[in-house]
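So, here come the structures, one by one.
Across the two complexes that follow, chain A remains constant while its partner is chain B and subsequently chain C.
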Partner chain A sequence: MNLMISVFRNEGLLLLRNKFLAIPLLVNMLYWGYSIVSYEIQPIHYEERAVVFYKSFIWALLINLLIVGLIAVYMASKDRENEFEQLVLTYDVKNVDWVVGKWMITQLYGLCITVMTIVVQAIWFMSASMTIGDWFKNIVYVFIQMEGAFLLLISIGFLFATLIKSMFAYLVIPAILVLSLMFPFDYVGKAYIWDNPKFHLFTPFDYMFIGSPYEGIWGIHHVLKSSILHQSAIVLLGIAVIVVTLLLFRRYRRSNKEKKMIPIILTIFIIPTIVLSGMRFMQYEQALKQYVTTGQQYVESFKGDDDESYNKWMNSYYEYNKDDQPYEFSMEKTNLSVELQANDQINVQSTLTIQNNGNEAVNDVFLTLYHGLKIKECTSAKSVTCSQDKDFITLHFDQMIQPGEEFDLNVHYQGKILQYRDDGYIEQAFIKNQRIYLPKEAGWYPLIGKRPLVITREHNNLYAQFEFRNARLVEDFPTEFTVNITRENQKVPLALTIPEISEDTFQGTSQYGLSLLGGNFKEEKVGHIRVVAHPEVIKGATEVIERYQKAWSFMEDWLGVPMSPSVIYILSDNYYYLTQFSANHDFFVLKNEYKDDFEIAYELKNELTREGLFDNNQDFHILSDAMVWMIANHLQEQVSFAEWYKSNWWVEGEDLTVVNLLQSYEKKGSEKFKDVLKYLFHYWTELDNKQDFDMESALKQYEGESRR
Partner chain B sequence: MLTLKIEGLQKNYRKFQALKNINLQMETGLFGLLGPNGAGKSTLMKILSTILPFQDGKVTIYDFDLVKEGDKVRQLLGYLPQHFNVPTQFTGREFLHYVASMKSITNQQERHLQVEKVLEEVNLLPQADKKIKGYSGGMKRRLGIAQALLGNPKLIILDEPTAGLDPSERIRFRNLIEKLSKDRSIILSTHIISDIESSCENAAVIHHGEVLFQGATDALAEKAINVVWEVSVPYSEYDQVEKEYVIISSRKEKENVVFRVLSIDAPFDEATPVQPTIEDGYMAVINGVIS
Partner chain C sequence: MRGFLIRLRLFIKLWFSSIYSLMTIILVPIIGIIIYNSGTYEIDDLSSLIYEKTATIWFVFIIQWCFSIDLDSKFFNQLITYPVVKWKFLLEKALFSAIIFFGLTSIITIPLVFIYGKFLWQGFVFTIPVYLALGGFVILGTMIGNHSLGGLMAGILFWMMILFGGALLRELNAILLIYGSVQRFVSGESGLLLVENRWIIYNRLFYIGLGVLCIVGAIIKINRRSA
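And now, the complex of A and B:
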């Protein structure tokens, strides 16, 4: 041990005197300095400090891994290359002392980078809006990610420097980094057939996340546990690799003690490495399995036989109007008594008031509820039998439900709500101590009608063999909700898409439905809109929402359509994409980002014209652009529409007849232009076949009606 | 007591046989190992220093088996390699402390005493706190000797210690080695005859991985009795002599060249036999003039 310490100390002295090795530390300092200053000087923040930190952290980690790995190869091979090692071999020092002494000083070098990063993080996160516990957990996360990766990479560097006695040993480090991180690096939650998301586990740090390990109001919690497990296995593997290096280093020179001990130590580390790796693998395997099972339940295959119809079929996957088939029954009232239990379990006692709005009497009424939740009891004043098949519930009444008739139904259900999306990378619904999310799309409460919760299309080029997204769940009628929540260990504040009237009791009418949140958020009101967001971005969000509100009010006045939501959730990107299709005028999800006037205008226009987005009708697209211009012009005065169109969209040779026609109305004044666009919009809305939209004939009709 | 005993030693680098059935014995004192470049000297030195493993044979150093008891052999060993490269960011003193600790001199006081002693022995005390990168070639060699002396080794192996030194440094170095050999066994591997001529009592000649001679240095010279000739020939015959005989040296005398050549028989009628030197014996052995 004394010899090992001596090697450690003297190699440390050499390291200290090597000026080049100070460069990575300096570069790290400058990088973090730039990242922090460029964030802090912004007057309004649209992203949390932690999000910005982790985005920078990934790049810093990748560069540091390369540097530390190369330094490890250098440390292990420098004395062999300069032949000092030959001299050392004649000394009394043992192989273990020599190799491990140098390995330890290289680890210390890696630790310096880790400590520097953690100091930066710790200081910066002090000004972030998080609890001390979360602050500490973030530090733990960064520490285990960096140190585990460094430990393994340094050991690999030593192993290959021992095996390959040439400069090629240096190539191993970038090769390993590229091979292990290439697929996870560019991964967005949809693995192609030549990729396998399970292989993303073979990385020196836990890369089983998409975008950023930090997730808005849920912080680091959703990755921390699995990262600790992953990195524990990596640490053990790193030690096992250095023991293998000892096994291979100058074998003939090993002492009897080394000959006996090294295989024993290797076994001691290999066994728990296998166990922990297996646990981590099973953890992900389970998530992937849940995702695949859910997808397979809904998967649709292509039935046609020609390319054209195949393309049409595939494109229909992207259509936004998937859940717009009206159902005769409406959910008038929903009273829920929800018990949030540990381990993602919920127990719900519900009372539903359902009405037949159709013209026919029926025996069967359909509901939708996630298949992981099992019905324990189903009663009504009328004789009813409830059967559950996958995500659908069939209520069979002995007596027919007459048109206009209303009935009450009591349903008691419970089960595990944990659901995954994006190849098992994202938890779509969960109940944990620090975070809760029960989005409407998870089907955690009974929805009226037979509603697919997800849409999956067979896709041979994907690993899962299908494309998968949440279905659009749009209600035909509003529902009066009363929700009472009791919880076991969850202490986080809760928010629901309806207002809270007393602690954990929520009441209100919504045409969107219920989406339950629990985490580190702040709720504020912007006008009459409730805004739920991470405390650090609420100011930025308010600024953006105020501009949205200006646009919404304008559009409501102008077009006479409901636009202004009652509640806005600001979720991280992944959850924004999962939820956005179901949002309606009642409920809005916003991305954590700054938006300019035109981005807002396009987004709101798209909400109203979803059906035509994929049409090739040029007249419709010019109408769309005119509407965008009108909204943007209201937010901030623009150049004339025709001028704007020509500078932004006009392509050489394009016939501008329709644009010029609209320009003639613009010249007549703002109100006239608004009026004609409003007319055209409603004209288009009422068309059965949107492809038939013809601006000239619509304008002729407008002129005709105006004269009358 | 035998310091070193080598029996049937063989060393191969893949298909190339670097050492072929080496048998050698050495007692206390200064032992010279002569051979041209590429003869296998350094390979043999590295094997004796426990740096290289070997395929066949047995080596014992002070009765310790080199393979089975390598760690015990290392405790008796001081080694100066042919290319003495060390981390140059250390000062001489720091480096010696590092080496001393790797030689298991863990007691700080003891280590300090030994380091100061060897620094004095090799006359490096004034430069001890300078970084090694500022040392001259001779100073580095002395530092090399100093590190070999740490731990009071019983056997010191010096591989080409004077290579690259200027004449005055070489003389100083030889004197130092001679001084050290009084109470230690030293193996001095070299291709420079003068390095061992003055100080070694015993020597071995190695060529193409084989030991061609082993014995007293005087005996090496004696081996060449009656095969060393001096002959004076006209300049015009220079090429013919060079082609037919092994020339040890030549010098110009008026219109003639006087050659010192190796030959079993008199090369010319007028050739005269001369008293051989160690160099003559060495040349005769490695050129196969005598067996």
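And now, the complex of A and C:
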């Protein structure tokens, strides 16, 4: 033991004298300094501090892993290479003292980098808006991720430096990093056939997240527990690996005590490693399994035979506008009394008022509810039988429902709402202590009509054998909602797409529906719009939303279509992608980022012209470009349309007659141009076959009408 | 420097009798078989895989080997007591490694050109600035560390950076052949001096500049050494 300490001291002294070993620390310092300063000097922050921190953290971690791993190999092999070790061997030094002494000083070096990172983080996060508890959890998270990874990698470095007695030992470190991190590194939530998301668990730090472990208003709560489990297994494995190194290091000169003790210690560490990693593996496997079973339940396979129709079929997966078919019945009123229970369970008493807006009397009315929720009771003043098949509820009435007739229905249902997306990486609906999310797409309350909640297509290039997305759910009619929420745990504030009238009671009319959200957020009003966002991004979001608002009111005046939403949620990237297509004029989602005028203009134009996005009609694309220009021009004055079009879209040889035609209107003044575009837009909307859109004939018709 | 050809012959002889050459010569067909069997590659992926992702680390090892002979054995300490020009020593070793590297890559490229067409040659030439930067970086690392290990570590760092750091480097990304627009640029389909291709030229100039800067740094470093 004494010898181990003197090896440790001596190596520490050598390290201190080695000026190169200060370089990684310095690089880390500069990198963090740059990240923090470049964030803090921005006048308006569009992203939270934690978003920026974790983005930089992944890069810093990768480069530190490489450096620390290489240093470990160096520490283990330098004395063998300069043959000092040959001399040491003739002394009375135990293998354990020699190897473990060096191992410990390398660990200390790794620890220095970790401590430096968490000190930077702790200081920076003091100015972030999070509770002390969250602040502490963030530090714990970063510490276990970094330190666990260093511990294992240093042990691996020692092991391979002992096994491979040449420079090639150094290559093992990048090879291990590349092999283990390559797939999770550029993973976007869809594993290809040659990738297996389960293998993403075999990384030196818990990499079971897409992009960043930080999820905006839900912080890192989603990953924290599983990371602790993963990293405990890694730490134990790291110790086991160094024990294996001791087993292999110059076997002939092991003492009797070492011969006895090392296998015993190895067993002591291997067993909990296997247990813990098994637990972590099962945890993910269960999520993946649920994801795959859900997908298989909805999956649609290709029925045609030729390549062309196959491509068409594959592309139609992206045609969001076709997800929803109009239904004659409308949900007039929805009263929900929701009990949020632990373990993602909900228990809901609902009273629905449904009206027949069609012209025919019918017996059967359809509702949609997520299949994980089971109906306990279903009653009405009229005699009714309810049957549930997957996501659909069929209400069968003995008496026909006449046109214009309204009826009330009481439904009591309960069940587990937890749903997974993206190969089980993302929880889409959850009820936890620190975070609650029940998006409309989860189907947690009865929706009118037979609606697909998800769109799934067979896809033989993906690991899961299908592609999977949330369906776009749009209502034909607005609904008056009253929602009362009771929950066991009152910790986090709640927000709904309708305003709160008293504590835990929400009331309002919405044509979007209900998305319930609970976490670290702040609600503020921008004009008439309620904005729900992480407290740090409210200011940046307000700046972006004010420009959106300008565009919305301009478009409402100009085209006469409803645009301006009543509520906006600012979500982290992954959740934004899950809901963005469902947004309509009542509800809107944004990412925490800056958007320029053209991005806003494109987005809003696309919201109106979803049907034409995949068409090849050149005239239509010119029309939509003109609309984009018009919106952007309102936000900030632009060069003339024709000039703008030429510099942005024109490719050599393209026919410009249509653009020139529009330009001739532009020359007549902006009001005239607006009027023409409005006419053309409505003309296009009313066309049955959008492919037939022809600008010249439409303009002729316009001339005819305006002359009259 | 006199005796250049003799030393070159010596080095090449040494190279072919070292474990390094043996391993690379075995590795190349293995990688070839893996690439061939993976099936789903296109010409741009293949050229990127060979020239940008694999050949770079290979080059690191070749340079490191060339410098390790004199530096790691400390023969260099004795060598500089002789009347030799230090920077010439440096450039000579760099030249040896370049000759070995380009020789080996050409051996691989020639049959590939017959199989897949001349884009591979063009991709190889297009990547030379990256090799220059990488070489400069490794040599500078060797000189700073005064041991071939310094070069090896610097080289691995550089290689990992270009392999994973695409998102950080943005327009200075070194892995470019996988992109369609770059492929068209390299094969000469789109004009070399077009405005939209200017970033590619700046990108390559950056790597050339980095390489020259590193080599100049290494020369300054070696010239300051006293016997």
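A few notes on this one:
Here is the rule we use: the second predicted complex is superposed on the first by the 706 of 708 C-alpha atoms of A that agree within 3 Å, B and C clash if a C-alpha of one lies under 4 Å from a C-alpha of the other, contacts with A are read in each partner's own complex, and residues count from 1 in each chain.
Quick note on the criterion: a contact is a pair of C-beta atoms (placed from the backbone, for glycine too) under 8 Å apart; a residue touches a chain by one contact, two chains touch by 3 or more.
What you are looking at is a predicted structure, and each value in this text was computed from that prediction instead of being measured.
In the superposition on chain A, A:179 makes contact with neither chain B nor chain C. Comparing chain B with chain C, the partner in contact with more residues of chain A is B.
In the superposed pair of complexes, A:361 makes contact with neither chain B nor chain C. In the superposed model, A:13 lies in contact with chain B only, and not with chain C. By the touch criterion defined above, A:66 lies against chain C but remains apart from chain B after alignment on the C-alpha atoms of chain A.
Residue contacts after overlaying the shared chain place A:44 against neither chain B nor chain C. Within the superposed three-chain model, A:123 lies out of touch with both chain B and chain C [touch as defined at top].
When the two structures are aligned on the shared chain, A:167 is found in touch with chain C, with no touch to chain B.
Chain A has no residue lying at the interface with chain B in one structure and with chain C in the other.
If you check the complex, the residues on chain B that touch chain A are 46, 49-51, 53, 67, 70-71, 74-75, 77-79, 81, 83-87, 89-90, 94, 98-99, 101-104, 106, 147, 151.
Residues 19, 57, 64, 68, 144-145, 148-150, 152-153, 156-157, 159-161, 163-165, 168 of chain C touch chain A in their complex. Residues of chain A touching chain B in their complex: 2-3, 6-7, 10, 13-14, 17-18, 79, 82-84, 86-94, 97-98, 252-253, 255.
Put simply, chain A touches chain C in their complex at residues 20, 59, 62-63, 66-67, 70, 74, 166-167, 170-171, 173-174, 177-178, 181, 185.
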